[in-house]
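Labels for the chains are A, B, C, D, E and F, by order of writing; each one numbers its residues from 1.
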Amino acid sequence: MTNLPFTIRKLMTIVTEAVIEQPLLKDLERLGAHGYTVTSARGKGSRGVRNAGWEADGNIRIEVVCDLDTATSIAAHLKERYYDNYAMVMLLSDVQVMRPDKF
Amino acid sequence: MDPIILFFLLGLIAGLLRADLRLPGSIYEFVSMLLLISIGLKGGVELASQPFLNLLPDMLAVVLMGIALPLVAFPVLLKLGGFRRADAASIAAHYGSVSVGTFAVGVAWMVTRDIFYESHLPLLLVMLEIPAILVGIILARGMSKGTAWGDVSREILLGKSIVLLVGGLLIGWLADPAGMASIEPFFFDLFKGILAVFLLEMGLIAAVQVGALRKYGLFLVAFGILMPLFSALIGAGLGWLLDFSVGGTALLATLAASASYIAVPAAMRISVPEANPTLSLTASLGITFPFNVLIGIPLYYELAQRMPIAGP
Amino acid sequence: MDPIILFFLLGLIAGLLRADLRLPGSIYEFVSMLLLISIGLKGGVELASQPFLNLLPDMLAVVLMGIALPLVAFPVLLKLGGFRRADAASIAAHYGSVSVGTFAVGVAWMVTRDIFYESHLPLLLVMLEIPAILVGIILARGMSKGTAWGDVSREILLGKSIVLLVGGLLIGWLADPAGMASIEPFFFDLFKGILAVFLLEMGLIAAVQVGALRKYGLFLVAFGILMPLFSALIGAGLGWLLDFSVGGTALLATLAASASYIAVPAAMRISVPEANPTLSLTASLGITFPFNVLIGIPLYYELAQRMPIAGP
Amino acid sequence: MDPIILFFLLGLIAGLLRADLRLPGSIYEFVSMLLLISIGLKGGVELASQPFLNLLPDMLAVVLMGIALPLVAFPVLLKLGGFRRADAASIAAHYGSVSVGTFAVGVAWMVTRDIFYESHLPLLLVMLEIPAILVGIILARGMSKGTAWGDVSREILLGKSIVLLVGGLLIGWLADPAGMASIEPFFFDLFKGILAVFLLEMGLIAAVQVGALRKYGLFLVAFGILMPLFSALIGAGLGWLLDFSVGGTALLATLAASASYIAVPAAMRISVPEANPTLSLTASLGITFPFNVLIGIPLYYELAQRMPIAGP
Amino acid sequence: MTNLPFTIRKLMTIVTEAVIEQPLLKDLERLGAHGYTVTSARGKGSRGVRNAGWEADGNIRIEVVCDLDTATSIAAHLKERYYDNYAMVMLLSDVQVMRPDKF
Amino acid sequence: MTNLPFTIRKLMTIVTEAVIEQPLLKDLERLGAHGYTVTSARGKGSRGVRNAGWEADGNIRIEVVCDLDTATSIAAHLKERYYDNYAMVMLLSDVQVMRPDKF
C-alpha cells in the first residue's frame, strides 16, 4: 500500500453455539480484546447440523482483531474452556489495519 | 379434530418429508414470547380475584413435586439407561421442569370443552419451571463443587420464560379491567391462532429430532413415553390431594408430564456443558412433546376423572 | 377505493420514489405464509360440506388449462418476442401457473361485494400451480434429456406454497367447527389486514421490477398485459363450461390471468438455471401483478357477467 | 393501572436487571411500522369527514411551534449545558420534533377514558416531525455552508415514519368505509396490544440508555424532564389559542413534550455526523420517553383542564 | 504463535444466491468438506443488486475450511456447475487452525 | 493450486453503523468497487456496544474484493470521510480469486 500506513494484526474468527454468546464475549474482553463483531450464522461440523431453527440451535460467528499475544491467550482459553463441550471452530489469519493502536 | 393438533401434524409430516417449510426464526421467537405473556396475563387476571396467601400451600406442594420428579428420573436414566452422569442429570432436569407449549395446548383443550380449571395454574407453571434445574445441576456436579449458584440463579430467574410468565402474571394482576379489555383482542382472541402457528413450527422441529432418534435407540423412546405417564400419575395425585377440580387435576398432570425445551436446555448448556444436548432434546421434543400433545392430554383428563373424589 | 389497493399503490409509489421503506424479510415471509394457510383453511372448511368426487371434473379441466396456457405463451415468446428457448419456456411457465397474492385480492374483492363464488376455488388454485412448471421444464429441455423428474416433482410438491395450501385445505376440511371458530380471529378476521401489509410490500417489490423494465423494452410490457387478458378469456370460458357462478367464473379468470412469483421462480432457478430470472420476474411482478390487482380483477368480473349463461 | 404502562415498566425493570429478554429486531421494526400506519389510518378516516382547508391554520401554527422549540432548547444546551455546537443542535432537534410512541400512548390514554380529541392530531403529528430537523441542521451548520438541502429533504420526506404516517392518512382518507371495516380487526382492534409489545421493547431500550446516563450527568437528566414540561406548556397554550378541546389540548401538549427517537436520530446521523448520538438518545429514550409515558401524559391532561377556556 | 500448534488450511468463501443453498451444501459435502458456516447476506455484482427483499432475491455467504485438495475440487466443481448461470463469487485464502484433522 | 488459475486480489472488510449503508455503498461504487457483500452484524468497539437492538443501533459488515488501487482509494476516502464521526473498522487482506477481471 503506497501511502496509507497499514499494520499487521491478527484476525480471529470463532464459530460457535449462540447459547454461549454472553459468557464468551465477556471472556474475550477479559483476555484483552478491544472489540468484536458478531453475526448470526448456521452451519454443520463434527457436532452435526446447527440450523438456527430455534433458540438452542443457532450459531454465532465472532470476529476479533487483536495482537498476537491476545490472540494466543484467547486461543489457549477457548481451547481449554470450550473445545470439549461445545460446537466450536477457531480460525486465525493476518489482516492489515490502519489504526493499530485500536486493536 | 382440533385444528391446532392438525397444525402440529402438518408440521410433523412436512418435516418428515423434508418439505421446504420453516417459520422465520424471529417469528418463532415472537410467537413463543406471546404464548408466555398470554398465559401469564390470563393467570394474573384470575389471580387478582383471590387472596394470594391461600395459594401458598399449592405453590409449595408443586415445588416439592418439581424436586421429586428429577430425583426419580435420574437413577432410572443412570442405571437402566446407562447414561453418563451429566446426561442423566440433564435429562432428569428436563422432565422435572415444564413445557409452556404443552400447557398451552392443555389449556386450549379445556377451554374448547368448557372445562373449569383452577385459575392459578399458570402460577404453578412458574413454580415448577425452576426447581428441577437446580436439582439437575446438583445431580451432575454434587453440592460440594464450587458451582456459581449466584450466577446460575440469576441466569434462570432472568431467563426469557420466567420474566415473561411472571411479568404477564403481574401485569394481569395489577392492570385495571378496562385496560385489560383493550389488549384482549391481541393477547387473548388471537391466542389459539398463534398457538396453531407455534405448533406448526414445533411439528417441524420435532420431525428433525425424530431423525436423531435412530442414533439413541429404544430406551430413550420408552423413557420419553413412560416418564410422562408416571409424572402424570404423580401430578394427578397431587391435584387430588390439593382438592383440585377435574380440569385442574388434568392440567397439573399435564404440567408434571411435560418436559422443558426452552429454559432447561439453555440452563444446562451453560451449567452442565458436558451433557449432550441432543439426547435431552430428542427425548423432550422428539417424543414427549408429540406424545403429550397428541395422546397425553386427553389421557390425563381421563385419569383426572377417575380420581376418587374430585372438586366441582 | 378498497384500502388494500391503496396499500399496494402506497408501496408502489414509495418504491418508485426510493423511499426508505421495507418490510423486514421475516415479516414478509410470515405474511405470505399466513395468506397461503388462510386461503387453504377457508377452502377446506367449505369443501368439508360437499362430496369430493363431484370436484374431480373441475380439477381435471383446470389441470388441462394449466398445461395449455404455457403451450400458447411459449411460441409467442420464442417467435414474436425473440427470447432464447430457456427464457421463453420459463416465462411461459410463470404465466401458466398462478399467483396466490392475486387470488387473495380477487377473493377480497368478491367478499367485499358479497358476491358468491364456488368454495372449491382454492383447490383449483392448488391444481393450477404445478402443471405449468412441468410443461416449462419440458419446453426448455425437451422430454428426452435426463431431467431428474423425481427430484423436480419432490421440489415442487414439497415447496412452501403447495405444502401450506394443501395443509390448510386438509386442516380446514378435517377440523371440527368449534375448533375452527377458535382460530378464526387469527386466520380469518385478520385476513384483509394482513393482505394489506402483504400488498404494501408487493408494491415496493413491483417498483423495483418496474425499474428493470427499461432494459427489456416494450414487448415484455405488452406480453405482461395481453397474456393475462388472453388467459382470462380462457379461464372465463372454462368457468362457463363448468357452469360456475359469475363470481366463480371471475375468480377462475383471475387465476388464469395471474402469473406466479413464488413457486415457479424457485423451481425454474433450479431446473432451468440458464433462464434469466429477471426477465420473468419483471414481467410477472412488475407488470402483470399490478395490472391484475389494479385493473384486471374488476375487468374479469365484468367479463364473467357477460358470459352467455351463468349460474346463480 | 393501564396494562400498556405495566408493559413498559416490565421492559424497564427487566432491562435494568439485565434479563435475557429482547424483541427480535424484525418484530420491533414491524410493530413500529404498524403503529405508524394505524395512527395514520385513524387520522385519515376522521379527516375524511371535514373540509381540509379548515385545517390549514392549525397546521401552520404547529409548524411554527416545531421551529420555535429547538430555537429555545439550543442556547440552553449550548450555554447552560456546555455542549458542543453540533451536540446542542442535535439534541434541540430531537426535542423540537415528536415521538410517535409517546403520541400513541397519549391517544390510548384518551380512548380508555372516553375523552374527545380533535381528529386531525395525527396530521399535526406529521407536520411537527420535520421542521425541527431542518432547524437543527441549520443550527449546527449555519445557513451559509453548502448543505445539500435537496438530499436532506429527500431523506427526511422519504423516511419510514413520514411515508407510513402520510400514507396511512391518505389511505384512511381515500378508502371507502366498507373496505376500512374489513381491515379494522388488524389495524385498529389490535392497536393497544401491539402498543403493549412496542412498549415492552421501549422499556428494554430505555433501560440501556439509563445505563449511559451516569456518564453524562445531571444536566441531561434535568433537561430531559424540564424541557418537555416547558414544551408542554407551549403546546397547551397553542391548543388553547387554536380553541382545541381539553383532550386535543392535552395531546398537543404531549406532542410538544415528546422527543423523537426514530426520524431525527437517523437524519442527524447523516447530516450532522459530528454530533454524538448517544447524548441525544440517552436524553430522549432514557429520560423523556419514560417521563412522558409514566408521568407526563396525565400531567398534561391536568394542565389542559386548567387552561382558561377550553372547548367541549 | 509460541506454544499453540497452528496448522495452515484453506478458507473458501462463496457468496451466491440463497435459492441454491440446499444443492450447493450437498455438493460441498460430497466433495469432501467436513463442515461449513452459512450467513444470510445481500450484495451487488455483475448480476445486479441482490437485496434480500424477498425469497428469490437473497444471497448466502458460505465459508468452508478444508485442505488444498478439497478446495481445488470444490473450486473446479463450482466453476463448472454454477458459474455460468448463477450470481456467484468464490474467494480463497489461508487460515491457521488448531485442530487440522477436523478440516 | 495445481490446475486452477487463481489470482491475488484485495479483500476489504468494513464494519460500521447500519445507518450509513446507503451513502457508503454509493461511495464504494464511485471509487471503483465492482461489487460488495453486506451482512447485518452487532459488535463492540471504541464507540461502545452496538447491539442491533433497534434501528440506530445496528452494524453492517461489508466485504469488497478489488484491486490494490481501488482498495487504496477506498481506504483513503473512508478515513477522511467517516473515521472521525462514525463507529468504523476497516480490515485489508489478500484473497485468491478465479476471475480477476471481475474485481
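Everything that follows uses one rule, which is that contacts are C-beta pairs under 8 Å (C-beta built on N, C-alpha and C of every residue); 3 or more make two chains touch, one makes a residue touch a chain.
Here the structure is a predicted model, which is why all the values come from computation and not from measurement.
Chemist: Work out which chains are contact partners of both chain C and chain F.
Modeler: Touches both chain C and chain F: D, E.
Chemist: Using the touch definition from the top, what's the fewest steps needed to get from chain D to chain E?
Modeler: Minimal hop count between chain D and chain E: 2.
Chemist: From the C-alpha centres, identify the chain that is farthest from chain B.
Modeler: F
Chemist: Determine, using the mean of C-alpha atoms as each chain's centre, which chain is farthest from chain A.
Modeler: Result for max centroid distance from chain A is chain C.
Chemist: To lay chain B over its twin chain D by CA atoms, how big a turn is needed, in degrees to the nearest 5?
Modeler: 120
Chemist: Centre to centre, by mean C-alpha position, how many angstrom separate chain A and chain D?
Modeler: Each chain reduced to its C-alpha mean, chain A and chain D end up 40 Å apart.
Chemist: If you average the CA atoms of chain B and of chain F, how far apart do the two points sit, in angstrom?
Modeler: Inter-chain centre distance comes to 46 Å.
Chemist: Find the geometric centre of each of chain A and chain F from their Cα atoms only, then give the gap between the two centres in Å, rounded to an integer.
Modeler: The computed centroid separation for chain A versus chain F comes out at 19 Å.
Chemist: Going by the contact rule already set, what residues in chain D reach two or more other chains?
Modeler: Residues 20, 24-27, 29, 185, 190 of chain D touch two or more partner chains.
Chemist: Among the residues of chain A, which are close enough to touch at least two other chains?
Modeler: Answer for chain A, listing residues that touch two or more other chains: 39, 93.
Chemist: Under the stated touch criterion, can you name all the chain pairs that qualify?
Modeler: A-B, A-E, A-F, B-C, B-D, C-D, C-E, D-F, E-F
Chemist: Which residues of chain F touch chain D once you look at their complex with the stated criterion?
Modeler: Counting only chain F, the residues touching chain D are 17, 19-20, 23, 48, 51-56, 58, 84-86.
Chemist: What residues of chain D sit close enough to touch chain C in their complex?
Modeler: Touching chain C: residues 24-27, 29-30, 33, 41, 155, 158-160, 163-164, 167, 170-172, 174-176, 178-180, 182-187, 190 of chain D.
Chemist: For the complex, which residues does chain B have touching chain A?
Modeler: Where chain B meets chain A, its residues are 22, 25, 28-29, 201, 204-205, 208, 262, 265-266, 269-270, 273-274, 277-278, 281.
Chemist: In their complex, what parts of chain A are in touch with chain E?
Modeler: Answer in residue numbers: 13, 15, 39-46, 59, 61, 68, 71-72, 75-76, 79, 83, 89-93.
Chemist: Using the touch definition from the top, list the residues of chain C that touch chain D in their complex.
Modeler: 1-4, 6-7, 10, 14, 17-21, 23-27, 108, 111-112, 185, 189-190, 192-194, 196-197
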